[in-house]
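Think of it as A, B, C, D and E in the order they're written, each chain with its own count starting at 1.
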Amino acid sequence: MIAEYLFFILIFPGLLFTAVLGLIVGWVDRKVSARFQFRVGPPFFQNFNDFFKLLGKETIIVKDSIHYMFITAPLIAFGMLVIVSVMVGTALFYNQGFGGDIIVIMYLLMVYSVMVIFGGASSGNVYSSIGAGREIKLLLGDELVFILITLVPIIQSGYQLQLTEILQFQFMNGAVIASLSGFIAFVLGLIAIQAKMTLPPFHIPEAETELVEGPLMEYSGGLLAFWKLNHFMMYVVFPLLLILLFLGGFHLQGLGILWAVLKYLLIVVLIIIIKNTNPRVRIDSALNFFWKYATPLAFVAVILAVLGV
Amino acid sequence: MHNIKETFIQNMGDKIHDSIDKKLRLYFEVDNQNLHEVVDYLFKELGCRLSTATAMEVYRGLEVLYHFSHDDSGQYFCPRVVMTNKDNPAMPSIAPLVKGAEWIEREMAEYWGITFEGHPRPEPLLTKEHPKGEGLDQPFRIRRMS
Amino acid sequence: MADNLYLLIILVPFFIALVNLILPVNIRKILTFLALLYGLYLSYQLYVVQPATENFYFEPVFAADQLSIFTLIFIQILSVIILIFSLKGLEKQIERAFFVLYPMTVAFCNGVVISENMIVFLAFWGMSGITLYLFALLGRTADTPQTAKKTFIIVGGSDAFLLMGFVLMGFIHAGNEWSLSAIHISLNSGWAIVAFIFVLMAAFAKAGGFPMHTWVPQFSKDAPVESAAFLPASLDKLLGIYLLARMVTTLFSIDLLVNMIIVTLGALTVITAVMMAMIQHNGRKLLGYHAVSQVGYMIMGVGSGSVLAFAGGLFHMINHTIYKSNLFLTLGSVEKKTQSNNLDDLGGLGRVMPITFIMALIGALSISGIPPFNGFFSKWMIYQGLLQKTAELTAGYQIWMLVCLILAIFGSALTLASFMKFIHAVFLGQLPENLKTVKETVFNHWLATGLLSLLCIVFGIFAVQIPLRLFIAPIVAEQGWAVLGFPGLYKPLLIVLLFLVIFLIGWLVFMLTRNIRYDDVYLGGMSPSEKFRVLGTEFYNEVRSMQPFKALYDAAEKRFFDVYELGKNLTFALSGLLQKLHPGQLQLYLLYILIGTLIFIWVI
Amino acid sequence: MSWYNKRLAKSIWVFHVSASPCNNCDIEILDLLTPKYDVERFGIKLVGSVRHADAILLSGIINDKVSPKVARIYQQAPKPVYVIGFGTCPATGCCFKQTHNKDYEQGHPIPIDLYIPGCPPKPEAMIAGVAKLMEVLNA
Amino acid sequence: MSRNVVPVGPYHPLLEEAEYFTLTVDGETVTDIDLDIGWMHRGHELISERKSFTQSIYLVERICGICSTSHPLACVHAIEDVDNIEIPERAAYIRTLIGELERIHSHLLWLGLAGHFIGYDTLWMWAWKYREPVLQMIEIISGNRNHYGMMRVGGVAKDVDPASVPELRKQLDTIDSKMDMIAKAAKDDPVLKSRLKGVGVLTKQDAIDFCAVGPTSRASGVRGDVRKDEPNDAYGLVDFDEIVTENGDVYDKLVVRVLETIESTRICRQCLDKLENINGPVLNNVKEIGIGEGIGRYEAPRGEVFHYVRTDGTNRPIRHKVRAPSYVNIPTFEASCKGIPIADALITLASVDPCYCCTERSIKINHAGGDSPGINLLQLSRAKTERIRRTIHG
């Protein structure tokens, strides 16, 4: 029992798997982005090198900051992401879960934003404070859409609040995306995820040329390494969650493996395409977009799901 | 094209003196008390744009030369103000009339020690946080490098 | 002994309150503390003994079922902890009155909870409203009289409705009893509905539910912070939701539509109050609006008709009392150290008041429903219960219920947002120059908040083992509903342990490779300065200025949605009309008499 | 540290400090990131905050007004950090030697580890210079 | 509220150069802006007085690496204006060709950086990819990617090799086709449009009041282009349009720049045509510069560059005043940045394509004497002035 849990959390689908896959997918992201921009892009082990280099560097802690908060924030965020990836991963690969885990995941993902805010704001830097404010506003924007789109598979599967039940439903009745409501929800989910991962066009909190990386501005060395790792781990957590909710999970035998990889790559590439073809939006237009366009649309998807379309 | 120059001289001829007329350029000297009137006429009536102003040291004292460009004709009007008191040079500021003159007057005040009377914001422009000293009364001291 | 438990638990604090009137302040403190500890012991006795109904003149007067005992125990726990906080640091001018009112309030609240007779219930209910008014009068701000009046009118006015509701219920009910447990009314007649609405209004006014909530933020702002933590944040919540729970379980039998309406009111409470909370600049007002907003979850849970949600609602009620008093008290500590509760003036206090910061953080994370704290568990139960309920409904009701549910979940994101603002504005960000010398707060303050924070964590991680098993499961069982069942269980302990493993690994990696240097803030080469800062309070200016919220906020700031203001305007308009009808001309009065007589004759 | 140095050689994050240059080196530095030269191939990335930097790209003569700020920036960078002087200005002062706004006797406020001369140096020369730094780190 | 200040700079990724703004904010809305410049000050005007005319052309080239033709051109115009020196026709076309190529590269540079500033790195990379052919053309003509060193009083330093003209034409064609694509992509991108439209508006009246120049004022509907007003070099001989738009927001500034780039390729094409046909010298031999004063100006990519030269008959100017376009465009922030969010304010700060290296080049003179070692510059200057005065007035 304990060994099993330790295996889940440390090796697969937890720490090691998420971190390594995340760093590799981070490379895919950088490479594909580079190709978009007629560049060659970094070598394969670039993100690993970045990570270990940062570990070897000096960590500077702001004198007037709240030290314990500043240090623990990235580590807590790291822990939360691993937990989420374990929850998504065990449901996806081992068909294990517990009732209402989807709500737990939703709230745990909020913790990530909270930690970004605490880490940034505890440094006492003015840019970080603005970045923290933007992070929370962005969370307000995307959270509503995210809730609504997760409701669609829940409703379709007959109000099951368990990831494995939703998967089971999709094994029986086909993927959620095949329905109209599922499709709308999937598209909106991609956009909401873009915002949750603070990727362009929603990299508003970390806006490099405005806020000098925002909340991460004061981080250096090992702590920055963890933030970067966290960012790349989200490349694993969110696509897997989307696959689980909308694309019917994985069948890991025979051709299923190829399909699994394709599904995953599809989502990653879609994310990268959105990322590379849009300028950063303003925070108020982002809120506007989420509240006045995305939310009603997502709500339409929910109504359609209730009506069984 | 010449009309502009002639109109100007017709209207302001009594306020200016020592004018030098070149192709497309008109340099002339203005006294302190007439400066505002001339600048007002150039900026408001003729629609000239203030290109910049140049301060320099001449025999008689410090000279401030404004450059007004009449864009439609390519004509330049350059009113000259000469301050004979080199120790404590002062002249009226045209920044209240022409907003674009604010920076250049600050810069001249900072480097040449000229007091622009009536300037809306008399503080140094380029040496504000300079470690080696700033301030209007204490112009930045230079070291001559060979 | 056991026979007197009911009387003791009311009379001991009441007697202490009376004695306190003439004693010196220090002895008042000791006596109050001892009385409340004794009350805690008594409530434990009640829990163990479960005594029978107490009769006077053959009328049942006091009784205790699981719900009452549960409420009673938490009244004692909360009042002891808040008393610990109040022992030191209270303003000298109000100290004397405070320690009289405090045990008295506890006595009345205890009375409400264990009353079996309607009249007795009403009497205690009304008296607890009066102590609330007196507490409000203790405030030191300029708006205090206004606030006290408003509180009194809303809460006292709702008492009148409660009275009318009870009278109606007495009439509708077949027998001529005034016993609460004997009455069970189904909502099939018009008068029954009226009675239901009247009682609901009283419950809402006490708990602070929409639209009777407006006194809560003002009370929180103007009254002493201890009383804000004591009454609107804890005891009044317990009483209001206690009454609501009574209504939906024993007093009335309600159908789906009523359930839906209550849930809708709950969702509206959540969302309106939290939207108002987001834009507040005053820390106490912000907390006050949250005290309202959280009531929405309880109303949704208790009123939904789903067993799981009902249990969740009750659980949320105690959780709320815990974390909200924690938040009020931490803000109180900050306020006593910095002499300000205006968020604009604070900032960076996490550096100088780390313990208070951690306590406030735990409270904030609990209220925002972050796992593994207690707020999450009860919200999770409510959501699950509501979704279970939704699955049983028809499509139209499903969408209705889903809208409420979405509003509630989104409300919790908004709660998180406004608490980020709160935490940022008070504890994070830049420390103003004049607060550099602030020191950590006194021992009893952080002992009290520490106890509450501990409860937050324990109730979060051991939710099933402690509060659910000990208190809530018996209540549910008592109602004869199915045993509390989960479709599956979220295991907070496991998650926390696994999280700790990962956290420790991260920590280890960081500590092994660490190479730490301390330096100033990086501002593009500029030196840090006090003026380089942004205020957390201004985070939501974009939301504030976005249509349609702008119009709503503008209207709300003109108190357009305030029942009290509306009522006041209406009353003034009516009296103005009446004044116009009384010009003082004799002929006119004669005419009135004539018309009156004519109508009278015509009616007869 | 050599293992870390090898990682560092493969992932140099640069922070650009322009200390009163003529802007040309700065533009050429940015040019390095663009498709034709693309130094991301070597793991070089431009960062916005000096806290993330491994190398400071310095251009210009570092005049008196800017020099305390440059010194400050250097202090705030996490060590190890390397300073690369781009262009002729940090090396010799170029045609601004006679300026009154720079006290050459005091020298530069920060130690410069590597000079890449040229006015401006060609991008190829810049890459060659950075490659030299990598060689040193890898050794 | 006034104590909530966001500093921008001196080192901020928005600005490649060191500059320092303080934005007073209310939430995220900028209520006031304060500018502090001078970090790039190198004292060009003072150094220039110690250089010969030919040397000072090289010096002013290093005022700014992006406008490294505009300043020399304006400088030689000023020196030529003193004595009304004429230049050969072929030299005029070469000057115009280089000037316009510089405009193309500068505008593309701005477009890319603007993309970078609003987080659109793809636009940045694309714009800069297509900027490379321009640099290549310049390298073919002058031998350098930047700092061409082509200008001389009385002509240009180096002729364009006729054999290289076809190659230049080929490169120009690639630029042309790509420019059309970029113009379309940048102008019609709905997200970009919604991001930039109505942002940082500089009204026409403000543009006039602040005496703004170049694309900044033309985007606000104020006409004014030195190439049209005072057609020096070959500008009177080629056909091109002046781009003026009305709204004054960042998007209009983008449109003006993109359309100007297309006009520039037109001019370049005409210049290349003429270069194939016209032969002759490219440099008039100028022996000496007389006494007097001259104003030279040139429409740099950012607006009018203004040089004023006063000579005393020696081979050095006694006063050389430089006014770069950014110097008058930067103060317009005070009008255009108030009341908009930080995100908008920062792109507005970038929208005038500010060049601080240009802006801060002026002279410093020790007016009150003081402790300067060696010869007192003031006395030197006075002596010099006296000398001139004697020569002028006999």
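The rule is short, and it goes like this: a residue touches a chain if its C-beta (ideal position, glycine included) is under 8 Å from a C-beta of that chain, and two chains touch if they have at least 3 such contacts.
Being a predicted model, the structure only gives us computed values, none of them experimental.
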Joint neighbours of chain D and chain A, given as chain labels: C, E
Between A-E and B-E, the pair joined by more C-beta contacts: B-E
Chain nearest the global centroid, as defined over all protein CA atoms shown: A
Chain whose Cα centroid lies at the greatest distance from that of chain B: C
Label of the chain whose CA centroid is most distant from the centroid of chain E: C
Cα-centroid distance, chain A relative to chain B, in whole angstrom: 60
Intercentroid distance (Cα basis), chain D paired with chain B, Å: 41
Mean-CA-position distance for chain C and chain A (Å): 35
Junction residues of chain B - those touching two or more other chains: 127, 129-130, 142-144, 146
Junction residues of chain C, two or more chains touched: 517, 519-520, 522-526, 532-534, 538-540, 542
Set of chain D residues in contact with two or more other chains: 34-35, 48-51, 65, 69, 73, 76, 78-79, 98-100
Contacting residues of chain E [partner chain A, same complex]: 5-7, 12-14, 28, 115-126, 129, 191-192, 194-195, 341-344, 346
Complex contact set, residues of chain E against chain D: 10-13, 16-18, 38-43, 46-47, 50, 58-59, 62-66, 68, 109, 112-113, 124-125, 128-129, 131-132, 145-147, 355, 357-358, 364
Partner chain E, residues of chain B touching it in the complex: 23-25, 27, 49-52, 54, 56-60, 65, 67, 69, 71-74, 76, 78, 98-104, 107, 111-113, 125-130, 138-144, 146
Chain E contact footprint on chain C (complex, rising order): 523-526, 530-535, 538-542
Touch list for chain E against partner chain B, complex: 20, 36-38, 41, 46, 81, 84, 208-213, 223-224, 229-230, 293, 295, 297, 304, 306, 308, 310, 318-319, 321, 323, 327-328, 331, 360, 362-368, 370-375, 377-378, 381-382, 385-386, 388-389
